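Each structure below is given as structure tokens.
Here come two complexes built around chain A, the first alongside chain B, the second alongside chain C.
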Partner chain A sequence: MSNYIPTIGVEVHCELKTNTKIFSNSVNGYGQMANSLTNVIDLGYPGTLPTLNKEVINLAIKAALILNCKIRPKMHFDRKNYFYPDNPKNYQITQAETPIGYDGYVEIDIDGKKKKIEIEEMHIEEDTCKSTHRGTKTLLDFNRAGVPLIEIVTKPCMESGEEAKLYLEKLKELLFYSDVSDCKMEEGSMRADANVSIRKNISDPYGTKAEIKNIGSISNVKLSIEKEIERQAKLYDNGEIFLPQTRRFDDKLNDTVLMRVKETGNDYRYFPEPDIPYVYITEKQIAEVRKTIPMLPDERKEKYQSLGISEVNAKKLVQNRSLSDYLNEFLDEKIDFKTASNLLLGDISGYLNKNEQEIINTHLTKEKFIELTNNISDGTLTSKNIKEILDTVMESDKNIKEIIKETGIQNITDSSAITEMIKKIIKENPCSVADYKAGKDRAIKYLMGQIMKESKGSLNPKMAMDILLEELNK
Partner chain B sequence: MLDKSIQEIHEALKNKMIKPIDLVEEAFDRIEKNKELNAYITLNKEEAIKRAKELENKEVGNNLLFGLPIAVKDNIITKNLKTTCASHILENFIPIYNATVIEKINDNDMIIIGKTNMDEFAMGSSSRTSYFGAPKNPWNKEKISGGSSGGSATTIAAKDVLFALGTDTGGSIRQPASYTGIVGMKPTYGRVSRYGLVAFASSLDQIGPMTRNVYENALLLNIITGADEKDLTSADKESEDFTRLIGKDIKGMKIALPNYFMSDIVTKEIRTEVEKAKKILEENGATVDYIDMKYLDKVVILYQIISMGEASSNLARFDGIRYGYSIENPKNIEDLYLETRKNGFGKEVKRRIMVGSYLLSGENAKIYYNKALSIRDDIKKEFDKVFKNYDLIIGPTTTTTAYDLTDSMDDPSKSFMDDVLVIPVNMAGLPGLSLPIGFGKNHMPIGLHIIGNSFDESTIYQLASFLEKQVNLDLDPRKDDKNV
Partner chain C sequence: MKNKLTKEEVLHVAHLARIKIDEGEIEKYQIELEKLLNDVDKIKEVEGYDEEKMIAPWTKNTITREDKSGEMLNPKEVLKNAPRHSGNYIEVPIVISDGEEA
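What follows is the complex of A and B.
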């Protein structure tokens, strides 16, 4: 197979996390009984008119800001006319001429370098209803009809499936963190289409384009793009040509499948929606929305690392937004953040997973968390202690001091007692001591293990280690 | 009783001399007698009687409209009452919701008597595109009542009821009002909520009152206006009393009469009546100046582009899937669409959908629709210019009096040309009213068109009621020899 340069553009539809639909006051919800979240407006009954949900405009402004887009101060909606059963009015209200956001970008890290994925435009539109095909019949669920969407369209600026994957991961993280969307691809609240073409030289015009529609997961986006590049390359290698077409990714075949060859330019008969007047967006409104944007993942990671949290832990925290949000409450406190992050990602995460709970729903108050962290870093509590008391910490209103008292934890914090014990261990293990002196680090680990065993885990390992080294080096 | 003045009826209700049911029964008797006029598509008999009885337990108060029957054009959505748009495709459509104007009518204790005949989806100017056959003109049953609000005009002219609602996209209230000798007002675009008006051309459609006289017209407008959160194009205007200038002197009023409106596109007998009205106004201290206005002769073509373009999209929802007529056993989805729409819509509606689709197709949207929208702004500016110097604009409402029901319908542009004098008002979003000012040959009514500045309906009513008093016509077709 010869070498080709792929050109990839991605279109993403995201459902906005609003309480109600975009053009009616029906509830915007997922997983409810079919057609229970509809009214005459969503169903396109005669004489009904759209209203405009202000929440949608604000969330779209938020998304535009996060995606570094310019925001249009005056915009309107357009009608996209086409007949399809999932389209109740047989026109979709969208923004063709004046998308709310344009000329933005998202930054990704690829091969250790930063790359800006350019965003052509971002517009608001309504979702269609959901159709389920049963044999020769099609069932329609209008709960989704009129759910607000933003469509984010990149420039044809990506060159690999990996780039597209990284872009989507970043996009998802950003939109999820800012509460713009749930971004659940499996529930359809985030959907991606990829446009793929290849060409021989950068100076050549773009090759024939194939659009892969409605890909179900980010990993499949990468895979389907790679498969599509391969397919096109084989065709070109064999001297074959093909027409612009729409394809889909088939999970089972693990390849893209032809849906239809594109007809000469779809005619959607766009025209300005006469039922919705111009929408004006003021600088003031943009400023208000800007205030609602929380600290975003990249900024969080940076902040965490600056507080002494390891890169791995910083990444893990950002992946678990509720823990990250929880930790953000303490950023101004003087605590040992390394310990705090270990605690959150270790025992606390374990507890939450086991009990299927969110951290904010537990009894782990800010005060208790700080107390707990401090007790670990000053050696008052060992990791064994934490395991013993964690359930009580998470489930009762008692403070840590009370819990320690009740549980009867008495750790050996008297250094002379510890020294006595360590001296005893050294005496009993002359071989290890000799190994240590011969430079074998393994010996230390063994000796520490013996010490912890002797103390039944009730002493602070750091303290024990310090004393052990002191004794050995005497 | 229904021939008495609104005040007399109100007093009788207040003094318990009569009950709302008496008015309702009288109205139904008259409608029955005038059945031949074909003014109604659906009568609301049972519900109207029930409502009338309910109102017996309610205080009449000072609401002049209390207990009065009203006819509603059949493109305005009425809960639990068939709303057909005079189309086969909605022949059995019973809505589960109300238009905002219907809510207002109910809140004001008026009683809906029935749904009136019209051109199918309001597309036409003679009501002959109705799936249910055309209504007849009470002044001469061989003649059209005009359209598209032909049924509402007919029932008012025939004195079945005092009040009716019509809708006006390109003259559909004013033109039939002129043909039948009644008062019809198209309010400023945005004055009345369009929620529940089945859209023909969304940027032009407006609901308005049709009545036997000016005062009652203003009374009905009083209760149907107001900002509506369900209609983003409804104007945020304080409610006002549109009768407040009625009876006021017109001395010093400045009125414009565009030359185009008095050109030879209008029959001589109509121009003569307008000249007579002009003279009356001048004799009473108003000035009436002939003026030139740009675009008036170009308006029809622009109107066609905008209205048909919007209509093609608005009527796309009638696809046989969720409501309305649907063919049996379609072969596939395409078949369902094609056959349902082929059988469900009449010829004129299909013609407009096709032309409208073409006009929005590909590059055409820019060449035609967007261009028409931008010229439309210029038309509005042209009117604004006139209203800097004048209080009102007048002219004839129609170019001829009502023509024969049997006249050819083959020329599709004829129905638009019928409305050449009234369409500019829709394009500019302005209020306009048609007032009977005389009769032509064979005693067919002639109307004067009075155009006001945006949201200045009150001044229109002031002038209209003044002229009404001066010309003092006998507008009862029942007294007309031929119709007894």
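What follows is the complex of A and C.
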């Protein structure tokens, strides 16, 4: 395997987050009763005509912008012709000749380096119906027929399954954050195909290509590419010649298997869709859409770190969009962001997971969150206190002051009292003090443990640590 | 002038259109399709053929609609037009192998 250079390109289909379908006003929905979200246009009844959904164009422009694509000012749709039960019109309306976006890129981090994954083109098309194959039957559900899609095609510019995985993760994050798609691979609203070939030397022409279709998860994209590289390498090693083919990943076999296909290559007989006149995109429209792009993950991470949040926490926050959106409400406030991020990712996340709740549905108002964060940073509340009061904070309309009063929390914030207590601990533990002075870091942890035990967790650890160090270094 | 289509090409085109043709009909289609292709070639000779193609007589922006839902068909109505159905699903003979999804 290591003797070959793999070349990988990825095609992603993403369902757009619209209310209705691309060419009809039936609902764009998932998980509803089969064949309950259709009308005569989706079912290709004779005499019906498609009318383009405005929002589809806006979301596609948005996607093109965040993927750094150039946007075509004038475009049209094309018919892709084939006979297959998933499409009753016998053609799919797509953009073969004038994709809305082209020449874009997504930047990934691989092995500590940045790499631009180049995007060849991005086009708009309609989804087909969902077919499920059982025994001797194929079952059709037309709820998906006519759902708007964008297809994003990379250049053959990746060299490993890992790169493809990183690209897809980044793409998913971008499209999800910008509200273009909900990107749920498990529900099929994001689907990936991978084109894989290998060659001996970089100067050789590309090897014979295999396309792996409809891979159901990002981790399986990586795995299926790795398996496919192995398969092709074995064939080349044995001197076998093989034809371009379409395969699918079988997660039970943990390998790619040959697949039967609809039509191949040029047999789709594309021609312009005469029922939809030209679509023009103006600079003004692009500028309007640009305004709707929220702060994207990379920008968020950067911002968080500039506010003193650790890299680990910044990453974790971005992985949880509702928490990140919540925190973004405070970016102009003067709070201790390190404490705020710890609070959000620690106790608050714990509460939300336990109660299966979203932060916006709790009683944690902006004012309460600021009060809570400030109380932690100034030592009024300890982490033990937070655990005691959090349920009340999240579930009642009372402010933090009231809750503290009701709970009867009385923390030691008087530094002279703390100093007295610490002096006592130092006196009682001469060995640890000697260890500390001899440079043993563990000693300080032990002493802190004793202090927290003595105070029954009712003092701010940071304050205690400062005083302890001061006393030890006297 | 286009060369006559091969037998295989005629059969391939017939397959794409899902039309069954007899061995005896192949030659007839070879001639007819050849004529058709020649006619298309003639159109290509028209001055300006290679310029940007006009896909619709309406050259202004297409009419778009707001993203608002409207009336949909009752599933019973939908299934009435299907020869067979299984629950609310339309049923057709198997097209790929068992367990695959498309």
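Keep this in mind: the second predicted complex is superposed on the first by the 465 of 474 C-alpha atoms of A that agree within 3 Å, B and C clash if a C-alpha of one lies under 4 Å from a C-alpha of the other, contacts with A are read in each partner's own complex, and residues count from 1 in each chain.
In this section, a residue touches a chain if its C-beta (ideal position, glycine included) is under 8 Å from a C-beta of that chain, and two chains touch if they have at least 3 such contacts.
Being a predicted model, the structure only gives us computed values, none of them experimental.
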Which superposed partner A:172 touches (first chain B, second chain C, both, neither): neither
Of chain C and chain B, partner touching more chain A residues: C
First (chain B), second (chain C), both or neither touched by A:269: both
First, second, both or neither for A:40, with chain B first and chain C second: both
Touching partner for A:277 - first (chain B), second (chain C), both, neither: both
Touching partner for A:83 - first (chain B), second (chain C), both, neither: both
First (chain B), second (chain C), both or neither touched by A:48: first
Which of chain B and chain C A:91 touches, first, second, both or neither: first
Chain A positions touched by chain B in one structure and by chain C in the second: 40, 43, 51-52, 83, 85, 138, 140, 267, 269, 272, 274, 276-277
Interface residues, chain B side, partner chain A - complex: 75-77, 83, 85, 90, 93, 95-97, 99, 194-199, 201-203, 229-233, 309-310, 312-313, 316-319, 321-323, 333, 337, 357, 360-362, 365, 369-370, 373
Interface residues, chain C side, partner chain A - complex: 16, 18, 53, 55-56, 58-73, 75, 78-79, 81, 86-102
Chain A - residues contacting chain C, complex: 18-20, 25-27, 33-40, 43, 51-57, 76, 83-86, 128, 130-142, 214, 248, 259-260, 263, 267, 269, 272-274, 276-280
Residues of chain A defined as touching chain B within the complex: 40, 43-52, 79, 81, 83, 85, 88-91, 138, 140, 265, 267, 269-272, 274-277
